[in-house]
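You will see two complexes here that share chain A, one where it goes with chain B and one where it goes with chain C.
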Partner chain A sequence: METLLTVDDLKISYKSGNYYIKALDGVSFEIKEGESLAIVGESGSGKSTLGMAIARLLPPNAIIEKGRIVMKDIDILNSKPDSIRGKLISMIPQEVGTALSPFHKISTVFEDVMASENKATNILNEASKILAFLGFKDPERILKSYPHELSGGMLQRVLLALAIIKRPYLIIADEPTSMVDAPLRINIVEILNAVRKEFNISMIIITHDIAITPHLCDNIVVMYAGKIMEYGKAKEIIDNPLNPYTKLLINSIPRIKTATRFEVIERKNTQIQFYKGCPFADRCESFMKGICDITIPRYTSLGNRKVLCHLYNDKK
Partner chain B sequence: MIKSKSLLKVQNVTILFRKNIGVLKKEDMIIRAVDGISFDVEEGEILGIAGESGSGKSTLAKSIAGLLKPTSGIILFEGENIYEIKGEKYRYFRKNVQMVFQNPFGSLNPSMKIRDTLKDVLKAAKKETNEDVLRSLMEFVNLNYEILDKYPSELSGGQAQRVAIARAIATQPKLLILDEPTSALDVSVQAQILTLLKKIQTEKGLTYILISHDIGVIRYLCKRVIVMKAGKIVEQGDIEDIIYRPKEEYTKRLVESLLRLYGYIEN
Partner chain C sequence: MPVSLRYVIKRIFYLFLVVLGVITIVFIATRIIPAHPEFLWAGPHATEEQLQEARNELRLNDPIWVQYVYFIENMLTFNFGISWSSRHPISQDILSALPATLELAISGFIIGILIGLFLGIRAAVKYGSIIDKFVRSLSISGSAIPVFWLALIFQLILAIKLGILPVGYRIDPNAEILEGFQPITGFYTIDTLIEGKFDLFLDVLKRLLMPALVVSVYPLCLTARMTRSLALETLQEDYVRNMRSWGVKDNVIIRKYVIKAVIPPLIASLGLSFGYALVGSFLVEVIFAWNGLGMYVVHALANYDFPAVIISVMTVAIIYSSINTVVDILHAYLDPRIRL
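Then we have the complex of A and B:
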């Protein structure tokens, strides 16, 4: 498979008054054509910044210090946002309720999105075909509706249809399953999988819902404090997490079938703040004094897995 | 007045909301948020209330906490109707029923230091407000003493939620209502807060009503669960029965999809 997207040593900070807050600290990865990648991590880990950087949607106070994002030989960070969004990359926001103008019918939005295309095809015909594919029984009625007449789940599918209609190479979905109950989560997973297959679009799923990732994604990037802690195949990481942070993350999910026994790590070294060394050192159960608090670990490749941890630095 | 055995009795509670749906003219729609719900809570029990968003579980919680008078039906705390008691009895109810909300930053006063927030609550309950009391509270929820001199905006989500829990248990209540206490937090922080809540319950013998959309969270803390949908109780019983032997169509669908979703994680 050909490489679709390359992110190379990306460093991004936010300017807040006189302070600079590091959001991404040297992030590198690749996505192959047709691949689906999950970016998981907790709030503040930089996963949303990464998604926004790729879609060229960073807020004005974000500063790209270093790094490149390349897609199909196009330098994303140095191109006009308009030439990228929709055509190469589409993003589905987390807040679907505020994403569409309340004054316009859905059909108008579709026409606006396609306004720049000088195709002879009937836009609304195409739109209703996609809406039908996404599971709407009466696409004509949806096109005639205003956003407030649709539920959150329906709006999400409308936004997905808007993302698909220009046939981009990549769709980025930000928290597609947040705050919905289990049957709907499965429904969203099934729809996204069907879209990937039917339209051959690659996907980046930004999520903290680790449970859905093996159903939806080939690979996972686990982020913590702006760094990739672990990269690998979704099922393998869930089965056997190598990085202590990934372990903590997966062990923290309350189980359904078996009674949960949290292996909770309270912040052990709360008094100490590490300014150098591993970003996870102060919470790590495998913390090694004199190593983790002093030097930044290197990436170790174990098969197709990449791990950032001192535990694996000496093993080859 | 005859005291009932159960700590809390919810009898046929219905809560209606009026929503204006007219664009230019006045046009009302009645929403049945809670629709004729009855249940009992025994002393020392942890009752879970599960349901999707919009099922009315948070509205019900507010009503039990004395914050929202039901349209019809009664809520009895130790045999007294909580919307009819006054004076000393009302203060007793207030002191003994505390609530922890989903968003800790929304429920802590942003212009008050944590110390003053806690002092206010202790004063209202006519309790000691000296440094020792405050420190033992902080210790109980695993926080540093330094947090006392901070403002809510200086705290992380997990720390703020611990403060909210400290405030709730400061008056030594009998019943704690937890409305989605961990759904605004990251999973690893959620695990810490859940362990803390379990510890508090075992040590103090408190009664909890835990509201959550996450069956895993309920499974961790509760024995008995009520499943709500569209303002009504769909099914209730032992959490293991609900997971392994669900009876109603909705619960079956819910559990089946959860087990599918968690298939990779639980094997």
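Then we have the complex of A and C:
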């Protein structure tokens, strides 16, 4: 399989008043064509920042300090956003209720999304076809509706249709399951899988919910404090997590805790970190004094797994 | 239909209450000031007898509450009486003065909201830029300046210093004689066009422009301020970001989505904007020798012509309340989530 997307040593900070908040700290990974990847990690670990950087949707106060994102020989970070968004890479938003303009019919949004495309295609026909594929019995009625006339589950499928109508290579879904109840959640997993097969679209699924990832994704990236802690096949990671942080995620599924260790970095020295050693050191069960709190861990490759942890640094 | 009959009936009832309240307040105000309208009514050399007769005619000898009940009775039967100063039927006086005021207020209002909308959107899109700072300071300082002072400054600059706009009167005072101009609707911009007198139309437009600009300042500032903050809010919305992520161009998002989101809440402020324009017109009429309701009220007050004052104020209250009702209904039509 060919490589679709390469993210190489990406470093991103947010400017906030006189401070810089470091959100991504040297992130590298690859996605092959048709493959799907989960990005998991607790709140504040930089998942959304990574997704937005790839989709060219970072807010104006984000600063890309270093790194490259390449898709099919296109330098994503140095291309015009208009040539990327929707065409190469699309997003499915996290919040469903506020995702569409309350003043416009669904059909209007489809028309505007498709406005830059080949004029010969009948936009609403195309939209109806995709909506029908996503399980709507009466797509014409959906197109004539306003968002507030549709349920959460219906809206989610409409959003998915908007994301894939221009046939991008990659869609990024930020917390696709966070807003809906359990039965719908399974439904969405099924739909996403069906879309992947039918349209051969790669996916990045951003989620807190590591439990759903084996049903949806081939690979997992586990993030903590802007760093990738572990990367590998989804099944293998769930069955046998190597990094202590991944273990913690799988066992306890921590909620609401935030990676706070290096949130604020002083203006002049963006590169200086507040901690020494491993970002997860203070919460780690396998903490080794004199090692984890002093030296920065390196990535270790074990088969097709990559781990950032001192436990494996010496085992080579 | 987003508007129910019940709602319309309710609003008509409110309108009635508001008008009653306004009449009552102005009625009381005119009766407690020490004034002697009978002197003007009876003429300069009236005898004590004639004065007494005048008091009887004007019902000034009755207790206030009797006068009040009598007055309300007349209002309810649409009997507006005659002006104590002009001795014409008040309704006729008002109908001939009102178009001048409305023409001025509506022009100022339209200029104000259009420019305000434009400036507000520009400021929000270029948040933090020089345009934004300019709009922000303009909208704050602009609404702090008294209208009459602004009117004098405009006259000083545009008419006296630069000489580009005429000042005073709604139309060339000789037009009636020289060109046989006869008002039909009372809106001179319309009348001159109906009569096909294009040069007169331009003259009317030129004379209208300066007072309209003065009147436009308050609605402009209000609209610019509201538009700016509403547009800033809208630009933060999830759906704006989502549409960007699906590749919708920024100018489409602003032209179509941001404006459409800004207008319904802005409509809600149009009532207030129009109120500003109406009051503004009242205040500048005297300065521009503009023969409207503002002039009429000033004249009526100077002559202790109380019924004329009360009924003029009542007219304004009715216009203002009706506009607000129309605005609410419009709001319901523009925002599919609202039902009235």
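In this text, the second predicted complex is superposed on the first by the 292 of 316 C-alpha atoms of A that agree within 3 Å, B and C clash if a C-alpha of one lies under 4 Å from a C-alpha of the other, contacts with A are read in each partner's own complex, and residues count from 1 in each chain.
The definition used in the following text is that a contact is a pair of C-beta atoms (placed from the backbone, for glycine too) under 8 Å apart; a residue touches a chain by one contact, two chains touch by 3 or more.
Nothing here was measured: the structure is a model prediction, and the numbers come from that model.
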Chain B versus chain C as contact partner of A:43, first or second or both or neither: first
Which of chain B and chain C A:137 touches, first, second, both or neither: neither
Which of chain B and chain C A:100 touches, first, second, both or neither: second
Touching partner for A:249 - first (chain B), second (chain C), both, neither: first
First, second, both or neither for A:235, with chain B first and chain C second: first
Partner chain in contact with A:211 - chain B first, chain C second, else both or neither: first
First (chain B), second (chain C), both or neither touched by A:57: second
Partner chain A, residues of chain B touching it in the complex: 52-53, 142, 144, 157, 183, 186-192, 194-195, 213-217, 219-220, 243, 253-255, 257-262, 264-266
Residues of chain C defined as touching chain A within the complex: 237-239, 241-249, 252, 256-257, 260-261, 264, 334-337
Interfacial residue positions of chain A with respect to chain B in the complex: 42-43, 179-186, 208, 210-212, 214-215, 235, 238-239, 248-260, 262, 264, 266, 270
Touching residues on chain A, where the partner in the complex is chain C: 55, 57, 81-82, 85-87, 90-91, 93, 95, 98-104, 109, 112-113, 115-116, 146, 148, 159, 162-163, 166
